[in-house]
Amino acid sequence: MDSLNASEQRELQSIMERKQMKEFMTMYSNLVQSCFDSCINDFTSKSLGSREESCVMRCIDKHLKSSERMGNRFQEQNAAMSASGGLPGR
Amino acid sequence: MSFLFNRPRQPSSAEKIAAAEMEVDMMTDMFARLAKSCNAKCIDKDFRESELNKAESVCLDRCVAKFFDVNVKVSEKMQNDAQSAGRSPAAGGGGLFGM
Amino acid sequence: MDSLNASEQRELQSIMERKQMKEFMTMYSNLVQSCFDSCINDFTSKSLGSREESCVMRCIDKHLKSSERMGNRFQEQNAAMSASGGLPGR
Amino acid sequence: MSFLFNRPRQPSSAEKIAAAEMEVDMMTDMFARLAKSCNAKCIDKDFRESELNKAESVCLDRCVAKFFDVNVKVSEKMQNDAQSAGRSPAAGGGGLFGM
Amino acid sequence: MDSLNASEQRELQSIMERKQMKEFMTMYSNLVQSCFDSCINDFTSKSLGSREESCVMRCIDKHLKSSERMGNRFQEQNAAMSASGGLPGR
Amino acid sequence: MSFLFNRPRQPSSAEKIAAAEMEVDMMTDMFARLAKSCNAKCIDKDFRESELNKAESVCLDRCVAKFFDVNVKVSEKMQNDAQSAGRSPAAGGGGLFGM
């Protein structure tokens, strides 16, 4: 990537903040949909049963831990790849 | 999901519009996901009739209610986790930017 | 949400119109893809058979009714949630 | 899908560009969906050869043709429904904003 | 579509170039994800086995050929539809 | 994926920011896809415990590594194909705009 000057850095910074917020919202919605899809399969009642509720709580926990772990590995791999000169085209 | 939009100081016009826009985007996205999940769980894929039958209609109603409940659970849990970690919810949760 | 003044309302209004158009287009494309995926599984011919065609017509009908029903429930739930003070963070 | 873009009065430059952009977006999105569905229906997931075989090639051609046909059916049906209800197609169809 | 004048054409042209770049990136990511999903199912090791690697290479090849073929058919159908007056609403 | 962003001449500010933005978008998108695939392949869908167990953790680590490897293979292959065809990678590969 070409190096950016200070004002370009600031503009990119503010773009990045909006993207980060958007990424958080997408992550949140993915979590809702994924745990709903995995845990809710009974429609004989309109409120969550206690089994469903604890499934949802464990699902959220596990997904957050999984995301964190994959995020760490992803950043390590990226750092290693940059150190070795990036993707082959670089 | 208003906890995502709390701001410490008086927001500018652009910020208020961006926040309102983001809330609408969030609702639209949530509805699209709910519709996808509830259609998959409730609608018979044979399409032998063009009307929703009784079972499908009831299933859809309950499915929407339960999707809302799951949404509330996720929202509560992320706020609790964030509070016990002493940071804003948007800063947590891991993932690519979750630092 | 912070309350908006008249000119902010107008700007939001025009943003909303574009979003509504885009949401309609997404709904339209979802409908095409979903009914294609459910009804079309025979590729021994290049034109729609009559069974496939009636499956598609019923599929469209049913999806529109399903969307309308879910949309109504969604708005009721939203209204109820706003009346009771919104999501827990509110 | 041009019925989505009918405008009562002379459009401004920005509106014309937005309409052209929207038509391109719609085509791109349609192609992406078609490609996803037709790959799923026609391509053998074993990947034992790197060439498309005859059966896959013929399946892809027919799949594209049938996807177009379904697109036309959906477009016709939504216009008919809208006309019989006396409103513009974009205003109908239910969903979150479908009021 | 309403006809565009020269400056509108130029603006649309530059919008189209960005879209084309974005479409290429989406196609690239779809290819990575799709071939990963189809070919990688063994996690007893952290590096690609030779079977997995050749599956990935064939998967890429086949997907590119498939995309090209579908793209050609799509453009032919579009041309035929425009010639016959477009979708029924046109 | 920097080969996507090579430019023949000195880039303007807007172009540099657009290129940086595109690189971030590409990373975010790649991570989202990786997360989806690796959760599907590694995480037990029963959710009987809230901790990642040993098998899941190891699977996730290897899954991320292999996803990177596949990414590198695709990148290499598309560059080779493009070079042997004597054109830029973004211009090839078929699809809707692949002319």
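Note that the chains are named A, B, C, D, E and F in the order they appear, and that numbering of residues resets to 1 at the start of each chain.
Going forward, a residue touches a chain if its C-beta (ideal position, glycine included) is under 8 Å from a C-beta of that chain, and two chains touch if they have at least 3 such contacts.
All values reported here derive from a predicted model rather than from experimental measurement.
With respect to chain B, maximal separation of chain centres occurs for E (centres as means of Cα atoms).
Of all chains, the one whose Cα centroid sits at the greatest distance from that of chain C is F. Averaged C-alpha coordinates give centres for chain A and chain E that are 25 Å from one another.
If you average the Cα atoms of chain B and of chain C, the two centres end up 15 Å apart. Contacts with at least two other chains are made by residues 23, 26, 35, 39, 57, 61, 65-67, 69-71, 74 of chain C. Counting partners per residue, chain F has 1, 25, 27-28, 31, 35-36, 42, 61, 63, 65, 71, 95-96 as the residues that reach two or more other chains. Listed in rising order, the residues of chain A touching chain B in the complex are 18, 20-29, 31-33, 35-37, 39-41, 43, 45-48, 52-53, 56-57, 60, 64-71, 74-75. Interface of chain A with chain F (complex): residues 1-2, 4-5, 7-8, 11-12, 15-16, 19, 23, 26, 30, 34-35, 38-39, 55, 57-59, 61-63, 65-67, 69-71, 73-74, 77-78, 81, 86-90.
Within the complex, the chain F residues that touch chain A are 1-3, 5, 11, 13, 16-17, 19-21, 23-25, 27-28, 31-32, 34-36, 38-39, 42-43, 45, 47-52, 56-57, 60-61, 63-65, 68, 71-72, 75-76, 79.
Against chain E, in their complex, chain F makes its touches with residues 1, 4, 18, 22, 25-26, 29-30, 33, 36-37, 41-42, 58-59, 61-63, 65-67, 69-71, 73-74, 77-78, 81, 89-90, 93-98.
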